[in-house]
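Both complexes shown next keep chain A, but they swap its partner, so chain B is in the first and chain C is in the second.
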Partner chain A sequence: MFKYILGRIGAMLLTLFLVMTLSFWIIRLMPMSIFENPEVSPEIQKKLEDRMHLHEPMAVQYFYFIEGIAVRGDFGTSVKIRPGLDVFEILSTRIPATVVLNAFSLILSIPLGILFGSWAALKRNKWADNIISFWIVICISVPSFVFASLLQYFLTFVWPLFPTLYNAQASNFGAQLYSMILPIIALSLNPIASIARYLRGELIETLSSDFMLLARTKGLTQGEATMKHAFRNSLVPIANTIIPMITGIMGGSLVIEKMFAVNGMGGLLIDSILAGDHFLTVALLIFYSAISLFTILVVDISYGIIDPRIRVGGRA
Partner chain B sequence: MKKLTSLFLALLLVLTCVQVMASAEGGAKVYRSYMGTDCPTLNAQNSVQTSLDTPTSYCGAFLYRAVPDEDGGNFHYVGDIAAELPVQVDAVTWNIPLRKEACWANGDPINADTVVYSFKMLLDPLLVNQMADFLADYNIKVLNAKAYNQQGTENTVAWEDVGVKKIDDYTVQIITDGEYTQTQVCSQFTNRATAVVYEPLYEAGMNEDRTMTTYGSTLDQYMCAGPYKFDSWVFDHAQTYVRNEKYWMPELYHYDTVEIRIIPEMNARVELWEQGMLDDLSPDANTIETYIDDPRMVEYSSLTIFHIDVNCANPANPLSSSVNYRRALYYAMNREVIAESIFGYQEPAGWYVNGQAGLLSESGLTYRESEYGKAVVDKVNSWGPAGYSPELAREYLAKAYEECNLPADTVVTLHMAFDESDTAWKATAEYLMEEFPVIFEGKLAITIDTYAGISTTEYKKTTDSWDLSPNDWTRGASRTYPYTCFYYYLESYGSHPNNYFDAEFEAQYAVCESVKDDYEAMLKETQKLEEIYIDKVIHIPMVQAVSYQMFSDRLVLPVTTYIPGFGWGTMFGDIAE
Partner chain C sequence: MMTENSTILSVNDLRISFRTVNGVVQAVRGVSFDLKRGETVAIVGESGSGKSVTMKALMGILPPNAVIEEGSILYNDMDLTKADEKVMHEIRGKRIGLIFQDPLSALNPIMRVGKQITEVLRKRGLSSAEAKERAIELIRAVGIPDPERSYSAYPFQFSGGMRQRVVIAIALAGDPEILICDEPTTALDVTVQAKILDLINQIKEERGLSVIFITHDLGVVANMADRVNVMYAGRIVEAGTAEEIFFEPVHPYTWALLESMPDLQTSGRLQAIPGAPPNMIAPPPGDAFAPRSSYALKIDYEQEPPMFALSDTHIAATWLLHPKAPKLEMPASLKERIARMRKEAEKYV
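Moving on, here comes the complex of A and B:
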């Protein structure tokens, strides 16, 4: 297992390097000038581009980029979004709000998703199952910004119970969190529905399997049999859904963060691409790739922990 | 069920109480506004983002400030760091005495060294600050400033040769390359780029080869000196300013706190406005309909004239170099429909000098209000409403066909290219797609090319096969010198937008520049320049942008009307008790 993990980490680093290289070339090939602006004289624009080696051949620019990373650990500084700031310093200021928003969204989503999924499975084809299934379809098919708009309209305007926007300057964390309730709810509805849908399907299949009949005949109650046997078996495929959610909490949500003015990661990548902030864009792509690769690794390893029968790379 | 209902009601009660407590302000005068995007930096020397205007005007210090007249009818300049208005020594030399009491928010003094250092850094040839031109060559030209700024590492111009001198600890001298009025000198030094910078932090943020400084990147790396100082800055979220107790003219300002939220979404702004949590709101094209009859709504012409660039060198278009073809296009634009119905409550414009241009005239009238500007408007309207005349359009297209030896049955398809996210221009293009075949009896058709993620200038570098391209470039300097609207169409401008060069036009621009010291003569020459522009159809003017704004009832504005170049003076406003 240890060798397997080491191998995976090695492959991860190689993939990251390829992502870094590809990102650099693709972003730099975009037909745009970083300093293009009618209010800045063309002479100044040219001098700024010269200073950043933008008139050099791409291979030379790539050399400067790799040299910066290898020699100084320097991924570059932002030139448009936050001029002069190190790109990872920018990321570090944006991640906390996104992490809080997504973490609380997950804290809400996982238990509620499991609760609704189990309830629907146990009450299969009864009114509770029908209502939950209908709600699942709505939550999965309707984009989160629609719910966000409705929440914002009804709960801040018609019935002003919550602040319209997130308040990062609130005097304490509780007040901050209070202003984040609506975006948390808006972000949670889809994950709740996804978890509930998967769990319902898995649990129904497990509950009707032979070993559950055996468990009941051994004298276990329906609840005991479900909790001890059905749940664990059903969690294996659910892990595939939940774990990426956990590791993806730093990704941010473009629309929800914009709507509630949350100063998180959402939209930073698009802003940097549109602004032509190449160094920041490449840094963000590396960051997102690292998260994705780490997620895949965690999912693979977690299979072995959740289900001991799965031992990737272990002895036969 | 009863328990559940009781629990739910109790929860609502708690939430309502929390909301009420959170909104309590405690009697302080708080001005609450918003911006769509945050400032990338607080270093006003190196960012062209207009969002920087707000923090710099509240928290920065300049040589001069524009302040409202007592009757609110106009504005005038007063010394900010300067102790009095500039004193003319000779035709090109101005002495600026400084206040001895001026200081930074931490108490450090501001003196001639501070001003000279700030200007030297702004013009520094290695730093290449994006706003350098706003000191070197804007309303006035500072002697040798541009040459110093653009010399790179060549060292051909010494700092001592630049027209910025320290006379003594509290006097700065500015030497220009021509004659200017006192008002023009003052206006140059109200620009945000000329705000003084705090040397210790500026130097601390400098990299080894002195090509970049992190000054202003965060609050720790910025020093306030204006009437307000930063209380907090959460990037992309909010800026809060409180009174700077060290500021030397506190009587001009009335708010205790200024809260600026960063709100990218229009819907959220509207909701906050409706809840009374914002003191101003600028409705966009989608929300203007809701508020157009609101008595709080005020409007003014902005600096922008939306226009369409015509590619004069499209190899695929046999008509592209014909002036008659461009004239045909000019007359074919029904600007009233496009401005009022498509852009929404805007004004049609068959001319290019904007409604704010020329505000420093002695009469107080803008160029458009002057006899020269009106003469152009009258001429344009004599052809049809805002220049729209299908008959003339057909007549000139026939001439263009003849000029280019095109058979009468030739159909030319024009490629109209624009950013795919631009809904107003998309609707305009679709409207013209229907109109052109009717007006030109099937000879001209329009097809749409869209692009995304790149600027129009960059798109034009990728292809020559475009014919019409919407644009909204505007020149801030046109507020003072109306003729500078045409700056981007000179051969000398690098990112030329339409492949059109005209000797007569260039020569007339040079005439305008040569008489800029004589305001009346300059306005008169600008009229000639605008007439050449219309006659040659250097591009097609379409819509004068009109900005709409609403102010809350609790906000007391210092002016009675919008003043071009000054605005509503909201930073000098007050909060009604």
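Moving on, here comes the complex of A and C:
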């Protein structure tokens, strides 16, 4: 198991390095000058260029870039969005809102998805299953920003139960969280539906498997057999859907953050790309990749915990 | 043979059908047989002959769309066809154990082998330490090497034969008195088959089990069964002691089964049974095997043959046994083969 995790971490670091390299080259080769501000005098521009090694060839800049991150944790300085500020500092002020939003959405999605999915599977072709399956189709096919608009219209305008926008200045964390409920719901509907859909399919298949029959013939009740044998087996493939789900939440978060005025990373990424704040863009891309890679690592490890065939690494 | 000859399980005129989108499938159409204490009864037939459905009915694990139309399964004067889930739950595992066809899919792939055995023992009220001890004993009893280590291994770490031994250990954990083996060797290599059959025979002797052995392979039955029921299209077409079925078969279907068995002396190709089993949504009238049989009489297509008794133990449902039927002998090649089998058998007596 230890070896398995170590191998995964190694692969993750390698991928992260490749992502860093790719995003550096792609972003920096874009036809946009880092300094276009006429108010900055040429002398200062020259000084800044010297400091950021911008007069050097790209290959050399690339090594400065890698060295800065690897040795000093220095991602560079913002030049357009918040001129002069350290990119890492900008990130750290924006990260919490996004992380809270995405984390709550995830925490909400997984148990609810599992609940609805197994409910539908156990009541297969009964009315409960039909209702759940109907909503699964709706929630998967309608994008999250549509739900966001509907939620905003009905729950803040028609029945004003929630604040329309995220309130970062709220007096306490509870009030802050309260203003975040709508974006969390908007972000969660799709992942809940996709987990439920996968689990329903998996569980139905597992319930009709031979080992379920054996579990019953050896004297377990249907309920015991379902809990002890079917459930965990159906979770194995579900772990895989968590990865696209998390990246999906983060992608949805880009739009949802704008709609609810959440001052997170999503808005920042779009602004920095449009403004040509290359250092900031690259840092944000690396951050998003790092999060994705981290979730993949967590999923891979949980995979190993759920399924011994991966952990023990014998012949399948 | 045991001296005690009481009937432990009795199946009487069992009829089971499935409700499907295409219509009602009559999977079992009047099956009767008895299982006596300490003996092995084999049910032999092709795929789709209804043998596995009969087995599922015995265990009370028929799929939801199956209906028991008629008949009874008497176990200790209790009719299992009318028993509710609560009663069946008491019987499954504890009274009647089951060995599956495919040991690969019958075991939970992500649960340790030991846990899958102790689960049954814990249900019977053993403490976890007792259960573990007992499970290791069982693992040893079914001939798996290194029981302590195997206890905490996963199914995928075993070979097919070893997995089947695990399944047998699970079946034995409930300490049943009847063991149903549903094609226990079909998914295994030939060399492993013999070992598993020996093991089943051995535990049967040791524990005084009564065994119902379901298979499509008459060759496997030869060394196992005291009595044999040959099933075709949801019916028993011939039943008798192993000697009667192997040495004096009378039903054309039994002949065909025997001829399709590989044998060291057979030169040339094996004789496959022509055609396919009938569609059980609309089973043919009369003798269901008639369309595939080269010995079919006109009446075979019209009227269902009754059971003719050849001896106290030997019965067969074929019009060939009717006094008015033409006197037909089994094919010559089969006769030779049976003669060879007799010789083989005498060698071992």
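Observations
In this text, the second predicted complex is superposed on the first by the 247 of 316 C-alpha atoms of A that agree within 3 Å, B and C clash if a C-alpha of one lies under 4 Å from a C-alpha of the other, contacts with A are read in each partner's own complex, and residues count from 1 in each chain.
The rule we apply is simple: contacts are C-beta pairs under 8 Å (C-beta built on N, C-alpha and C of every residue); 3 or more make two chains touch, one makes a residue touch a chain.
Computed from a predicted structure; not experimentally measured.
Which of chain B and chain C touches more residues of chain A is settled by the count: it is B. Residue contacts after overlaying the shared chain place A:Thr164 against chain B, while chain C stays out of touching range. In the superposition on chain A, A:Phe260 contacts chain B only, with no contact to chain C. In the superposition on chain A, A:Ile301 contacts neither chain B nor chain C.
Contacts of A:Ile95 after superposition on the shared chain: neither chain B nor chain C is touched. When the two complexes are laid over each other on chain A, chain A has no residue in contact with both chain B and chain C.
Across the complex, chain B meets chain A through its residues 12, 15-16, 18-19, 22, 40-41, 43, 46-48, 128, 130, 132-133, 149-150, 152, 205, 211-215, 217-218, 232, 234-238, 240, 261-265, 267-268, 271-272, 274-275, 277, 453-455, 457-459, 461-462, 473, 475-476, 488, 493-495. For chain A in complex with chain C, the residues that touch the partner chain are 209-211, 213-221, 228-229, 232-233, 236, 306-309, 312, 314-316. Interface residues of chain A facing chain B in the complex, by the touch rule stated above, are 30-33, 35-48, 51, 77-78, 80-85, 93-94, 149, 152-153, 156-157, 160-170, 175, 178, 258-263, 273-274.
Across the complex, chain A is touched by residues 59, 61, 89, 92-94, 97-98, 100, 102, 105-112, 119-120, 123, 154, 156-157, 167, 170-171, 173-174 of chain C.
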